[in-house]
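In the two complexes that follow, subunit A is the common piece, with subunit B as its partner first and subunit C second.
Now for the complex of A and B:
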């Protein structure tokens, strides 16, 4: 077998999936390339098509149009077993009437391996997930975390080149979820195979993945490294979905020195670096702003001074202590959620109460221009100009 | 007014307990008592003798009757199981729309809208010597002689039993199959299982409780039947209960009672054996 045949590189080429004629497609003309040996997270709200993609790669669903390639080979019409993939199902789908050992050994049994051979391999895998002592139990006699590890062992027994995980952590409690996601990442590194992990939890995706694919309505909104998806989100949807950042917007007054000056709907002035992109006066532009870089101070003198920039006035709407930082939600009276993550040490020197008038400010280097544009209503342009 | 929890639970089990005691418990006790009574041509004489049982156990006819009933039970069980499993499998795994599933399930119950007797008797004009089936064969020149074994034979008895009892197999198997998580089947497919392996490794074991319940329904009904055997065999075959009913017609209540007691014990042992193989309670609880 050549090296490419063993590769777990996935190519999704112009794939569309429609479940019933006339219904909007679950996956809409989607292209995606996932490198061999990378950990990719498909992230999006329920119904965005992420699970459908996973199931099409696994072979449990056939694309209405388009092709799926694994390791350079077109597998669109192959059976799941012929693809070299293995799937870990949501809530694991362990066979309830079979022992843990039989569950893990099942795929080898289906491939005609002898009892001795398959049980030896299954025990080896159970050892890897530290469950050798539970080999003869039934799945129902295990905890959620243990069941998850059995499902992992069961999926890995055929040495797949691609492991497909459908919401693998959603059935676990918070503590186990955090532990198991580290464990998944470790296993992926150790085996060096491709992992595709479907989740609707942003932090989970950012924590484990090399590549995060943010989806909405059957389309990819952005596919980028976990770091980039946080630092340079493409648009307001991705920014809001990933979290940790505010979306600010304003109507462009003028552009100069590679940045745009804009006025928000409440009259505050913001500066947005354009980084080579253009924005024309009168246009409404959107930008992301890291919540942990926002300063919040009491507002003692009404509105911020006219010439102050990158500062907005508002009222504290909610305060949530998160341990190492305090989440301060500021109501700017423009409908967009605006949050500052204030370092706990700084916050508790002089705690602010809910309802207090505050000024939130930031520096221009923490602002990132998004792709979204809105031609502004003419009245507004006139007012801004 | 506050009702104590103990009183409340008595109140809840009370009605059913009363019905069961009066209409089930007492009659069974009466039958057990009568099985030890003596009798002559004129009357039943209260006594405590074992003659009825002795006669039952020493007669060769008893064994033959039980073998005959068991034979019917096994044949009918095998056929209804095959049909019940196939129909359920089709309904559960091949019909996607829930509405159509329910509709087809109801269609299965259509024959039950008429009485058992009518359903059974309607086979007679179909299977008879000059019945519809033989007529068709003759018209198509497939057979010159009418087939004699169709009616008033063991064949006819089995046909009627299968017709009457298949639904009792379909319902519980459908019920347990419908609760199989379809992801289990996908997981098996993902692991490389063929259709046949999925059936053997996943569907069959997970339908076990339904099969056991259906088996209990079908076997106990066949074992307890006399009417179908009598009508459809034309009196040529007998069952345990048909012999028992003859005794009742001759007003020989004590031997009939003894025969009934033994039948109940035998059927209970059969049910116990089925429940030993499949822990229905455990499976129903999960």
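Now for the complex of A and C:
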């Protein structure tokens, strides 16, 4: 076989999937390239089309329009088995009436391999996932984590170049979830094949993926490295969905020295670095702000001084101790959630109570301009909306 | 438990509900228990209590035939008819159930059309069939019109059971099999049918017992030769000996044997599936 045939590079080209005529498309004219050997997470709320994309790559759904290429070959109309992909289903779909060994050997049996040959190969894979002792058990006699490893072995027995994982960790408890996601990452590195992993859990995606694709309403909101998705989110949707950051917004007063001065709906002044992008006065701009870089101190004298910048006044709405830090939710009276992650040792020097007036402040380098824009507001009502 | 007070004594509601349930069980089985006892009536005994002794003479009378009517012949016919009905019911209901998983325009109408036939009065279904045969100048026969009449009863019933069985089937099993390279036929044989098997046995069991017991639809469609229920019905007017009760006992034993073997085979399947459980 040539190198391209072994390649697990995925190209989704202008793919649309509509389930019933007239209904909004589940996937809307979507383009996506996933490099061979990378770990890609499709992330989004339920109904955003992420599973539909996975199933179209696997061949369990046919695109209404557009093409799917694997290793440079158009596979849009091929059967799942002809694509060199393997899928790990949500809650695994292990065959309940067959032993672990028969489950793993199933694909080889379908290909006409002899009993000896397929059982030998299946045992080899079970050894890799440390389940050789459970070969004769039924799936129902295994724990969730063991079932997941059987599903992994079953999918890998045909040496696929792409492994498609539909919510692979959602059936596990918290402890196993954390362990198995590391395990998945290790297996992917070891095999060097492409993994596409569908999840609705942000931290899971950030933890395992090379590339995170954030989706909403059948479209891609942002596809970037896990680090970039967090540090330089494209818009307010991605920022809010990934979490760990606040979305702040204000109407631009003026721009100077590569940054914009804006006024929030409550009258606070913020500075937003433009980094080469433009913003015109009167426009409402949005920015992300890391929660762990926000300082919170008691407000002893009403509003912040007129000339202070990157500081907002509010009231403590909720306090949650997270162990290594304390999550302080501040009500700024503008409708947007604003949270500060305060280091535990700083917080407990002088703990703040719920309802206490505080000033939250930050430095300009932790502010990142988002793409969202709103035209000039024509009054307080529009600005607050 | 809620039926105990804090001191461990049972509450009065426990006794009330227990006697209610005991009464219910007696209500269900009492009439037949009377029949079973009387079937062992002494040689000189009659159709009612008291028992004049305890003997199996009435069972012998059944096998010998003669004055008790054609019990063994009608029994054989009923078993053959029930077997054919069972096979046809299973084949048709399983295929229909599998096919019906894909919704199509009008599938709701088709479903209700199939199931609504359950509420049609059986005696008139039989009458309609016999009139139809008369009109077409055909002889009614237990293996032809009788079989058809019974299928109008077992098929909708079997379909209803099959829909319930298939409703619980997770299609991801088939999708996973497809992903692993199984063809449509391989998926059906290796995955779908084995997983559905206990339910399919249930459909067969329904088909068998409904046919074996069927009276209303068969009455006017069996033709010259009787099935067992028809023969027993005839006996209640002719036979005035406890041999009648012996028939009841024997048919009950056979029914339980059929149900027992069906449940046994389901248990066997499940045991075979977990046969190797615990071997390390």
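Rule of thumb we're sticking to: the second predicted complex is superposed on the first by the 378 of 385 C-alpha atoms of A that agree within 3 Å, B and C clash if a C-alpha of one lies under 4 Å from a C-alpha of the other, contacts with A are read in each partner's own complex, and residues count from 1 in each chain.
Assume a contact is a pair of C-beta atoms (placed from the backbone, for glycine too) under 8 Å apart; a residue touches a chain by one contact, two chains touch by 3 or more.
Since the structure is predicted, the reported quantities are computational estimates derived from the model, not experimental observations.
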Once both complexes are superposed via subunit A, do subunit B and subunit C end up clashing or fitting? clash
Of the partners subunit B and subunit C, which touch A:293 in the superposed model: first, second, both, neither? neither
In the superposed arrangement, does A:80 touch subunit B (first), subunit C (second), both or neither? both
First (subunit B), second (subunit C), both or neither: which does A:99 touch? second
Looking at the overlay, does A:158 come into contact with subunit B only (first), subunit C only (second), both, or neither? both
Determine, under the contact definition given at the top, whether A:138 touches first (subunit B), second (subunit C), both, or neither. second
A:89 in the overlay: touching subunit B, subunit C, both, or neither? Say first, second, both or neither. both
The chain contacting more residues of subunit A, comparing subunit B with subunit C, is C
For A:373, using the defined touch cut-off, is the partner it touches subunit B, subunit C, both, or neither? Pick first, second, both or neither. neither
Residues of subunit A that sit at the subunit B interface in one complex and at the subunit C interface in the other, please. 58, 60, 79-81, 85-87, 89-91, 93-97, 106-107, 110-111, 154, 158
Can you list the residues on subunit A that touch subunit C in the complex? 58-60, 79-81, 85-87, 89-91, 93-97, 99, 106-107, 109-111, 133, 136-138, 141, 154-155, 158
Within the complex, which stretch of subunit A touches subunit B? 58, 60, 79-81, 85-87, 89-91, 93-97, 106-107, 110-111, 140, 154, 158
Where on subunit C does subunit A make contact in their complex? 170, 172-173, 175-183, 186, 190-191, 194-195, 273-274, 276-277, 279-280
Please name which positions on subunit B make contact with subunit A in the complex. 181, 183-184, 186-194, 197, 201-202, 205-206, 286
